[in-house]
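What follows is chain A paired twice: with chain B in the first complex and chain C in the second.
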Partner chain A sequence: MAFIWPSLLAMILFIAVPIVSVAYQSLFVEHQQIMTQVESCGPFGCKSEARVDAAAMAELRTEEPMGRYNGLGTYTNASHLAFGELRAAWAASEGFGDFFDKVMNLPFYKALIFTLCYTFIVTPLVIVLGFCIAVAVNAVSARLKGPVIFFSLLPMIVTPLIGALVLFWMIDSRGIIGATLQVLFNDPQLSLKASPTLTWVTLFVYGVWHSAPFAFVVFYAGLQTVPQDTLESAMVDGASRWERIKYVTIPYLMPLATFIALMQLMDNFRVFEPVIGFSAEASASSLSTLIYSDLRSGDFPLFGSAAATSLLTIFGVVILLSPVLIRTWREFKHKG
Partner chain B sequence: MNGFLKASVAIAALVGGAGMAMADCGIEKGSVRILSNDFAALHVVASAAETCASGTVTVTKNQTTEHKDIQVPALTTNPANYTVAMIATNSVTPLLTNDLVRPLDEYVEKWGQDLQESQLIRVDGKIMAIAYMVNAEHLFYREDILAENGIEVPTSFDEMLAAGQKLRDAGIANPLAVAYQSGWYLGAAFVNTYLGTGGEFFKDGTAEVDINNENGIRTLETLKAMSGYMSPDFITYSTNSLRPMWEAGDTAIQISWGSTTGQYIADDSAVPEVAKATKFAAAPTINGGSIPSAALWWDGFVIAKNVSDEDAEASFRAMMVGISPDTAAANPEVAVWLVKGYEPTPAAVGVVADLEGGARPYPMLPYMGLLHTALGDNLAEFMQGKESAEQALADVTAAYTTAAKEAGFIE
Partner chain C sequence: MPLVALSTGFVLLWLFLAAFPFIWTAWGSFKVEADFFSRTDWMNAFTGPATEAQTGSSFTGSGYHGAWIEQEFWRAVLNTSIVVFCVVTISLTFGTLGGYALARSGFKYTFWILIAALIFRAMPHVTLVSGYLLPFFEMNIWGYLPTTIIVLVAINQPFTLWMLHSFFMTIPKDLDESAMVDGCTRFQAFRLAVIPVMWPGVVTTGLFSFLLAYNDFTVTSMLLSQENQTMIPKINSFLGSTQQEGKVMYAVAAAVSAMAPLFVLVMVFQRQIVSGLTAGAVKG
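For the complex of A and B:
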């Protein structure tokens, strides 16, 4: 047992402790601000304006540094699970569609829907595309393999934000892709950035483009270990190329696909850079961008709100991964 | 021996050189660390302050658009990471709220001979900041294109929309531009336009927002109507995205920042014929009103509280050089200076017109930043035609109220 202690200690220090502190933070909000009316003068004249009494606030903060205890209030407010708003929407709705529209107008659910769509559309496409590239590259002659592998990996080598920005300017209505599409569809007002649907599609395409090389590398490594004698006996039996892939290669690589699915589900559920890189906040927000905007909220970082969204994100990841984890656990016990 | 001699001479020259620079600002010792936003006028000020660097005085600067998010944590540490924060109407409030800046009365008395009364920002009788320039968004127009199409310089949004239609008919597909990028810029566009209606953002004396009214709806409808004459990608354009379109001749009328005008009409512009035809005027009025729909801003600096008195005094004196009448006189085009001896230049026409037209200042309230964020996050759907103006304003109200409750401004 002794050998797991170093890694266990690191996990406690760098994973468990921060999560516990975030959970604790999420139960608190800022103190009630103590305001005073103060005469303030500047280039545009004088005005009596409300100001925060900094000295009184400092005293309050030394007494209770965490702020006001708010319990689960932050989780249930309008910016998060919005129970009150949900109830009101349900009572006022004429039908399910109307209710759904109202729910989609709540910031947390809007972000959740995009995050889930991104996760469940990008992940399978990455796996399929990565596998196809791996099979194709594997068939290329040995001399060309080096350069082909390099180019296939490029999307992953490019820093995500830079990749997103490059594409962002290319799809601008004055950029090469945007302008070409306008000519192709003969619609001068066509814009990939203006329409929410097209923005979503762009983000999905970017996500697949960026992550496919990861799946490709893993599958390509796996392909090198597919037993040659099994493949050869399949050929002797008269199996076509497609049948060999379907009945030998794919079953053999299945554990790798599970691994990629796990990694991608986790990564995609935390989608962030593309939304920022594509300036897509108008049409798409994810759980991570909600946290980001809370921490940059005007002049007061909303730590409690950001902490609550973080914990809800962790909760979401656990739910997403639980089927796979349960299966792995069963197999483990079975073997044991 | 010869080598030693040469080295000694070189060192003597260096020390002598440092001594001379010291003589310029007269600062004996200290560390000046500047944090500021990132635009031309601020580069000029920081570079002028940097000339005070000497063997015993160090001057460093960090000029970034992220300054607003850096400043509070950076000035909270003791000693603070920066001794000087260059701020504007909005970014000074979090520093005041958290008690991170020191009163400057003593320094103004000792070293502020060049300052004018209008530059002193007094809060509760104490000088807390020094302003050196004013800024506002206003109209930019292409004199040649407007004349060709027989269009008068628009003074109201209605005239601006009519001009947009006329220009579109004349073959300019998307003649108007305003930075409507979802987020801070869209929030700023709303604030500017709403100020023009004469409405107030908050219920009198409270932090409760009051924009879901006729003025708010009129504001949104105006923004939406304007977007009809803009590039279809308008929801992703920030201030910096406007200049390439302007210089390419794609747009003919826009609303943008006074602090950028110098670049538009610079002699060394990449497109001199566009630069020559670019003129400025007051921001348009709205709803038959008489005041330009633009918020007035001042830019200034504060000195951090959590630094040694020596560094604070050195910083104040270096900044006095940074914003000296000489600096302003040498760079009259980059800003509308509040500094003594400054005369408005052609680049300042727009801001001056806003001022003379009676435009209102950006509200310097502690909770205004929260409202600005809520506006920026919740208006995009309306602008894209996905929800009604009432719904958008209700969403803003809900988002602001939640945030203001968490920040402790509303019970």
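For the complex of A and C:
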């Protein structure tokens, strides 16, 4: 079947090859600065100082664009896995809290912890909120349903960066939510952007707001297929509304919840745009923004560092998905 | 009926949460910065006294004028249109061919595409971007629209393949096989028997390709040069470079401009979007 070739070729060239390229790049670091002694003469006499030799650097970069070979050094340095720093922190710290504070100062672990917190806090909240909305919408009159679905889709469909910006402008201390919060807590200095904790909470709230529509739509579609006779017989047996939801609806929708959880785990693990939109890199960096800021740094991107973080992230994705992968593999073997 | 009242109340609350930020921002984009970010009273963004004082009317298009004309946002809109159109066309072409081939072959590789689709959905796109940059610099193809288009097509391919593959599985094999018995080649059978009935699946998949290309920030912001920028990175660059007084409204106006097509899209294709979102759930 020749039909598969265009898409297979595109995937090999732009997905498989880049991953190999990332793995290769992660073994290199940028060149050391070449210094030259420059005589600089001013009105107060001449002195010699060390400067970066820009011409020699440029030549070196064209000769060896990858940088110099560093082996696995990038993986273990302070801005990645930081084994040395971890050992030192463990030895020097008095208690677990102290150790944790020190770990939070290491960029990779800080990003990893934020990413994991975001993933595992937002995902369950999305499922619960989506389910509540779906049940509520199912109970209201049919005339409302069309508009409700239309408006509910908006937070999910709108570009994540723009969605984040819209909320960011509203929580500005001069924006509607920011100003209202200041009045509510009677604290004119209150700013959601200033404290790391509040920034984290804001990002979580954004995440739930953005993804709840997805869970709602899937649950709502599922609710339409709940067997009516089971519900009726439960009603005949005297089950209250709450009992019917608990013993009939929820078990019936369980597979859908698993599906949503899987999708959300994957989407939330790569959280990126909200952190950029909320300008929150200082207090909440995720694995993705860590790579992004490496590639954006200074005059010349830190390819080696970005590549090492990328590979560690891909590794994290595989670990995250491994239960699902194993289950799918078993089902596949079973069927085939 | 307290229960219905409770549900209605909850639904209305959710509606407010979902829609209000957009309505508020769209309304505020016609004000000046002193009103939208008012130091004195947030109600100013609603009534607009400073807008009235500065421009003589309570609505102003100055944010839009500044963004579209002064900052040349129209160029970004044009670039986005090109990128989105090409990405949707190419990825649907590749995807229908590939999805059809997979659905009709007896091989057991459906598992592997599913796995690929899963992993690429979870993998942050920025990890791939860090692999593109250096080779693209070396080959001198960095910064151009075609490079970005083909990258977006490739990133989207696993998902497109998976959706179209499951769609083609629902088209009975007999249809194209009987066409081949009647003397068609495989390609003719595809063109004459399958293409006429495949549009519903293609439209749904196309919508999601459209959203991916339109909403993308990671790839477009890293792989396009300044003059080739699309809308989303352009809006982000408004924030970085133009923090001075008044320019924030450019970003607000540009963001509202970028939101508008999506509103229309949801209005027109609500049914297809919902069915696309639930398709994966139903098929497992």
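Here, the second predicted complex is superposed on the first by the 267 of 336 C-alpha atoms of A that agree within 3 Å, B and C clash if a C-alpha of one lies under 4 Å from a C-alpha of the other, contacts with A are read in each partner's own complex, and residues count from 1 in each chain.
Definition applied: contacts are C-beta pairs under 8 Å (C-beta built on N, C-alpha and C of every residue); 3 or more make two chains touch, one makes a residue touch a chain.
Here the structure is a predicted model, which means the values were calculated and not measured.
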Original post:
For A:105, is the partner it touches chain B (first), chain C (second), both, or none of the two (neither)?
Top reply: first
Original post:
Of the two partner chains, chain B (first) and chain C (second), which one does A:287 touch, if any: first, second, both, or neither?
Top reply: second
Original post:
Given the touch rule stated above, what does A:172 touch, chain B (first), chain C (second), both, or neither?
Top reply: both
Original post:
A:272 contacts which: chain B (first), chain C (second), both, neither?
Top reply: second
**OP:** Tell me which partner A:317 touches in the superposition: chain B (first), chain C (second), both or neither.
**Re:** second
Original post:
Per the overlay, which chain contacts more chain A residues, chain B or chain C?
Top reply: C
Original post:
Should A:74 be classified as contacting the first partner (chain B), the second (chain C), both, or neither?
Top reply: first
**OP:** May I ask you to decide whether A:157 touches chain B, chain C, both, or neither, giving the answer as first, second, both or neither?
**Re:** second
**OP:** Once the two structures are superposed, pull the chain A residues common to the chain B and chain C interfaces.
**Re:** 172, 174, 279
**OP:** Using the touch definition up top, name the residues of chain A that touch chain B in the complex.
**Re:** 29-33, 35, 38-44, 47, 49-52, 54-55, 57-58, 68, 74, 77-79, 85, 105, 107, 168, 172-174, 178, 188-191, 193-196, 278-283, 293, 296-300, 302, 304-305
Original post:
Across the complex, what residues on chain C touch chain A?
Top reply: 3-4, 6-8, 10-11, 14-15, 17-19, 21-22, 24-25, 28, 36-39, 41-42, 45, 93-95, 97-98, 100-102, 104-105, 108, 111, 114-116, 118-135, 137-138, 150-151, 153-155, 157-158, 160-161, 190, 211, 214-215, 217-218, 222, 232, 235-236, 239, 248, 251-252, 255, 258-259, 262-263, 265-267, 270, 273-274, 277-278, 280-282, 284
Original post:
Residues of chain A touching chain C in their complex?
Top reply: 1-4, 6-8, 10-11, 13-15, 17-22, 25, 65-66, 132-133, 135-137, 139-140, 144, 146-155, 157-163, 165-167, 169-170, 172, 174-176, 179-180, 209, 213-214, 217-218, 221-222, 241, 255-256, 259-260, 263, 265-267, 269-270, 272-273, 276, 279, 287-288, 291-292, 294-295, 301, 303, 306-307, 310-311, 313-314, 317-318, 320-321, 324-325, 328-329, 332, 336
Subject >> Contact footprint of chain A on chain B as seen in their complex >> reply: 68-69, 72, 89-91, 93-94, 96-99, 118-125, 131, 134, 173, 181-183, 205, 207, 231-236, 245, 250, 296, 298, 338, 361, 364-366, 368-373, 377, 380-381, 383-384, 386-387, 391, 395, 398-399, 401-403, 405-409, 411
